[in-house]
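Dropping the structures in below, format is C-alpha cells.
Next come two complexes built around subunit A: one with subunit B, the other with subunit C.
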Partner chain A sequence: MKSVIKGAGYILVHTPDMVLHNGTTQTTERIVNPDGEYLKELPSHIRSFDQALSYWPNQVYIGNKTPDDLAAVEQPWYDKTCDVNDRYGKFGQIMPQEEFLLLMQACDVFDLVKLDKDFVAANKPALAANPIMDESILARIGEGIDGAEVARLVNEEHSEGLYHNGTLVGCVNRAHDIDVNLSAHVMHENIVSKASSVMALLSAVQNAGISKDEVEYVIDCCEEACGDMNQRGGGNFAKAAAEIAGLNNATGSDARGFCAGPSHAMIEAAALVESGAYKTVIVTAGGCTAKLGMNGKDHVKKGLPILEDMVGGFAVVVTQNDGVNPEINLEILGRHTVGTGSAPQAVIGSLVTDPLERAGLKVTDIDKFSPEMQNPDITKPAGAGDVPQANYKMIAALAVKRGDIAKADLAKFTTEHGLTGWAPTQGHIPSGVPYIGFAREDLLAGKISRAMIIGKGSLFLGRMTNLFDGVSFVIQKNSGETQAAGVSEEEVKGMIAKAMKEFAATLLAQAE
Partner chain B sequence: MDLENQKRVKEFAEQYGPENVVVLLGAAEGEASGLAAETVTNGDPTYAGPLTGVQLGLKVYHVCEPEIKAEFDEAVYDEQVSMMEMVLDVDDIVSEMTSIREQYCKY
Partner chain C sequence: MGILAGKKVIIIGDRDGIPGEAIKACAESAGAEVVFSSTECFV
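And then the complex of A and B:
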C-alpha cells in the first residue's frame, strides 16, 4: 500500500555572524579583495533577529503564513513588516544564533566545539525553554571554558571562531592536525548541518504526533560530506543526527544529488515504507553555512539588507498508510535520465509531462506544482529572476504544446497551479520540499487533490559529469484504505470454516 | 559570462580564427543575452574574466533569433526550443542582440 506523509518540520536559524565569517562569498572576498568596499559596507546591511522574525517569507517557511498570504503581499518584501513575528510556528521555529551555538556544542560528540563559559551561562536558560529541547540534549551542554583560551585556540590552533554580535564566544577545533577533511572549517560546516537537522527532526516528530521510538530509518539529503582523508564522503549525517534527536530505534543513511537530493530521498523513503522494509522513515536535511550571503554583493550594491542570513532545515515523516494522511504515489514518477539531454524542454518534459502522460493524466490534473521554491526577494536583485515563476511558465508552455491548455490561458495557469517562492536560497532546502507541509494540509482539507514535487540538481558543479538531474513525484489525497484493513488470522479462519461448511452442504445435497 | 566559458571562447577564436566562430546563446532574457554578447564582441563588461579588454568581435546570436531558427530542422527546433520560445520575451532578446552586433561585431 502507498505510504503517507504523517507530518513535517521546517526550521530556520538566524546566523548573522556566520554570514560574515563562513559564507563563501565573504570568505573569498576576504582573500581576493580584503580592503574592498563590499566587506566595509556589509556589516551595516545585517538584519537583527527581530527583523528576521518579521520577514514575510520566514513566517511562511515555519507555517505562520501561507504561500497564498505571501502572494497577496506586493514585492519586494524586504521593506515590509509581516503582521506576525512569532519565532514559533506550526511547522517549526526560527532559532536565534546564541541558542544555536549552544545546540551546536550539544550536537558535537568529539569535544570539538568550545564555548566561552560566560556565554554558556547567559544563554543556557533560553535554550532550555525551547519546547523541542529535552533533558538528554541539555545535559550534553558543558560549562564552557575561559574566553582567553577560546582566543588562543583560534589564534594558535587553527580553530574556526564562533561569533555573536561581533564578539568571539567560542570555536570549533580541528579534528585532525593534517587531514583537510577534518579541518576546523569542515567540522564547523558539518556540525551546523547536523545541529539544524536535529532541530528539523525534533520538530517533525512532534508535528507528526509519533513517538521517537517508532522511527526506524532516517535519510539525510543535505549537500555536505563527512568523512576523513581515507573516505571523504563516508557519512552518515542521518544516524549522527538521529542519535542526538533520541531516535534510538533508527538507523539511516545519506542520499546525495545536489538540489535534487531531497526529492530522491522522498521517493526512496516512500519505496522503503511501501515495500514494508521499514514502517516509519524520516527524510531530513540541515542547512548550509557556505551559502550564507551568497548574493550579498548584489544586495549590498542595491541597498538591500543581507537576506541570506538564515540556515534552513526540513524533515518529513513518511509512514504506512493510515487511511487519512496524503499518499505518495510511486506510480507517477518523473525522472531525468542520462539520455534525456539538458534543453529546458527536455528537462521539464521528463519531470512533468512524461510521467503524467504515462499515468493518463493532463498537466491540469495536478492542482499545485512545487519546483524550486526560492524566494524571489533574494534572487531577483541578484539577476536570477523569479525562479518558481520561470518554472511555472515552462510547465505552462509545455501544457500548451500538449493541448492541455489554450495559449491564452498561459498566465492564468501559472497563478492557479503555481506558488509564490518563500524558501531561503540554501540549495537543497528550496528544492520542491518546502511545499510538502502545506500540501499535506491542503490535501487533508480537500482544497487540492494532487500536488507534484519536483527536485532538480546541477550535477556538473561536482565536475564528475556534465549532466543535469531531476526527479519528481506526486502526493495525492488518501483513498481511504488503511494498512490495517487487511485480513486478520481470525477472519481467515472464519472464511475457511464458512467455505468448508458450504462444501459439505454441496456434498450432502449431491448425496441426496 | 562564466569565467570558464570566456576562456573557452577565447581559445576557440585563437584555434579556428575569429572569422570562423559563431557564438550561440540560450540565455533566459534580453539583458543577460546582451551582456554575454558584449563579452564575446567588445570584451567582458564586468572586468572579471579572460575576455576583459579583448575585442574579439565574434558573430553572436541567440537561439531564438529568426536567422538561427531558419537554420534548424523544424522538427528538432520544435522538440528542443519551441517551449522556451513561448516563455521568453523574444522581441526584447532580438533587440538587445541586434544592438550589440551593430556596435561591436567585426565579421
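And then the complex of A and C:
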C-alpha cells in the first residue's frame, strides 16, 4: 500500500540580529571590507517583527494565505502590508527572536548556550505561552547567568554572541578548545538548525493529529553537518531533535543532498512506510543562519529591507495508508542521474518528462508542479530572476516539444500548473516541499488530482563533484483503499469453510 | 573563430541560469582557454 501524507508543519523564525552577526555575506564583509558602506547601511534596512509578520510571503508559508492569494498581489511585495499579520497559522508559526533564543538554550544538551538571567526572566513567560511548547521543554530552560559573564565568554573564550535588538543577551560556547568542528560558530549554526527543526516537528505532530509515541523514525534533511574532528558529518540531527520534541519511540538518521535533500528524504520516508519497515516517519529540517542576508548587498543597494531575515523549517508526517489522505506514488519517480548532464533542459527532462513518459502520463496530467519555490521578491532584485517561473518555462517548453500542449498555451501553462514562490531563500527549505501542506489540502478538497514535488541540488558547492542533482515524486488523490482493505480474517475463514463443505459434499457424493 | 579565440577565460555560472560547465563547453568550442570555471548558488 502506498504511504500517505498525514500532515505538515511550516515554521519561520524572525532573526534580525543573526542577519548581522551570523549571515556569511555579512561575516565575510566584516573581514574583507569592515569599513565599507554596506555594513554601515545594513542596520537601517532591518525589519521589525511586526513588519515580518505582515509580509505576504511569510503569511503564505505558515498557511494563513494561499499561493493563489499571493499570485493575485502585484509584485513587489516588500512594500505591501498583508491584511493578516497573525504569528500563528494553520501550518505553524512565526517565532520572534527573543523566544527562539530561549528555545535554543532548551535544545542545547551540553550546557553551551548561556543566556543573561534578566533576558531569561523577561522572556520565559512568552515562550511558555507558545501552544507548541510543553513542560518538558520549558523545564530545560535555566535561570541564566550574569550579563558580565556573558560578555567575558564572548571576549575571552571565543564564544559566539547572541544578540537581541543590538544588545548582547547570551552566547554559545565552543564545545572543544581545538576542534574547529565543535567551535562556537559551528555549534551556534547547528543548535539553530536543531531548534527550528524541533519547532517544525512539534507543529507537524500537532497538525497531523497523531500522538508523539506513534512516530517511529525521523529523517533530517537540512544542509548542516554535526560531528567532531574524527567524524565531521557524523550526525544525527534527526534523533537529536526528536529527543527534545519528545518523540520517545523514534530513532532516525540524516539525509543530505544540498537543496535536493528534502525530496530525497520524502522518497526514503515513503519507501520505509510502504515497505512496512516503519508505520510513521517524519521528514524534518531546520533552517540556516549562514544564508541570512545572503543577497543583502543587492537589497540594500536598491533601498529594500533585508528580506532574508527568516530562519525556516518544515516537517512532513508520512504514515500508512488511511484511505483518506493523499498518497505518495513511488511508481512515478524522477531522478537526475550521473549521466544526465547539467544543461537546464536535461535536468528538467530527467525530473519531469522522463518519469511521466515512463508512467504513460502527459505533462498536463500533473495539476500542479512544485519545483524551487523561492520568493521572487528576494531573488529578482538580486539578479537571480524568478526561480519558480524559470522552472515552469522549461517544463512548459518540454511539454510543447512532447506535444502535450500547444505552443500558444505556453504562458497559460505557467498560470494553470504553476505556483508563485513564497519560501525564504534558505537552500533546502524552498526546494519543492513548501507546497506539500497546500497540496495535501488541495488533494483532499478535490481541487487537484496530482502534484509533482521537484527537488534540485547544487552538489558542486561541496567541491567533490561538478554534478548537479535532483529527484521528483508525485502526490496523488487517495484511491480509497485502506491498509486493512483486501480480504479480512473473517472472509478467509468463510472461504475455507465453504471450500471444506464443498470438499465434504464431493466425498459424500463419491461414497454414495 | 569568434572573439574568444586564444583568450583566457574565467567563468562564474549560476545554478539557476547557465551552469559553469555549459559556459565552459561553449567557450572552449570558440577557442578560449578556460582557466577557472565554477557554478555558484544564490538561493
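One rule holds for everything that comes next: the second predicted complex is superposed on the first by the 501 of 512 C-alpha atoms of A that agree within 3 Å, B and C clash if a C-alpha of one lies under 4 Å from a C-alpha of the other, contacts with A are read in each partner's own complex, and residues count from 1 in each chain.
Here, a contact is a pair of C-beta atoms (placed from the backbone, for glycine too) under 8 Å apart; a residue touches a chain by one contact, two chains touch by 3 or more.
Computed from a predicted model, the values in this text were never measured in an experiment.
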What is the contact status of A:G385 with respect to subunit B (first) and subunit C (second): first, second, both, or neither? both
Per the contact definition in the header, classify A:Q93: touching subunit B only (first), subunit C only (second), both, or neither. neither
Under the stated touch criterion, which partner chain does A:A343 make contact with: subunit B (first), subunit C (second), both, or neither? both
First (subunit B), second (subunit C), both or neither touched by A:Q374: second
Have a look at where A:M394 lands relative to subunit B and subunit C in the superposition and call it first, second, both or neither. first
Any idea whether subunit B or subunit C touches more of subunit A? C
After the superposition on A, what does A:M294 contact: first (subunit B), second (subunit C), both or neither? second
Contact residues of subunit A, present in both the subunit B and the subunit C interface: 343-344, 383, 385, 390
Considering only the defined contacts, which subunit B positions touch subunit A in the complex? 28-29, 31-32, 79-84, 86-87
Going by the contact rule at the top, pick out the subunit A residues touching subunit C in the complex. 259, 294-295, 342-344, 372, 374, 379, 382-385, 387, 390, 425, 427, 430, 458, 460-461, 466, 468
Can you name the residues of subunit A that touch subunit B in the complex? 341, 343-346, 348, 383, 385, 390, 393-394, 397-398, 400-401, 407, 410
Using the touch definition from the top, list the residues of subunit C that touch subunit A in their complex. 14-22, 38-43
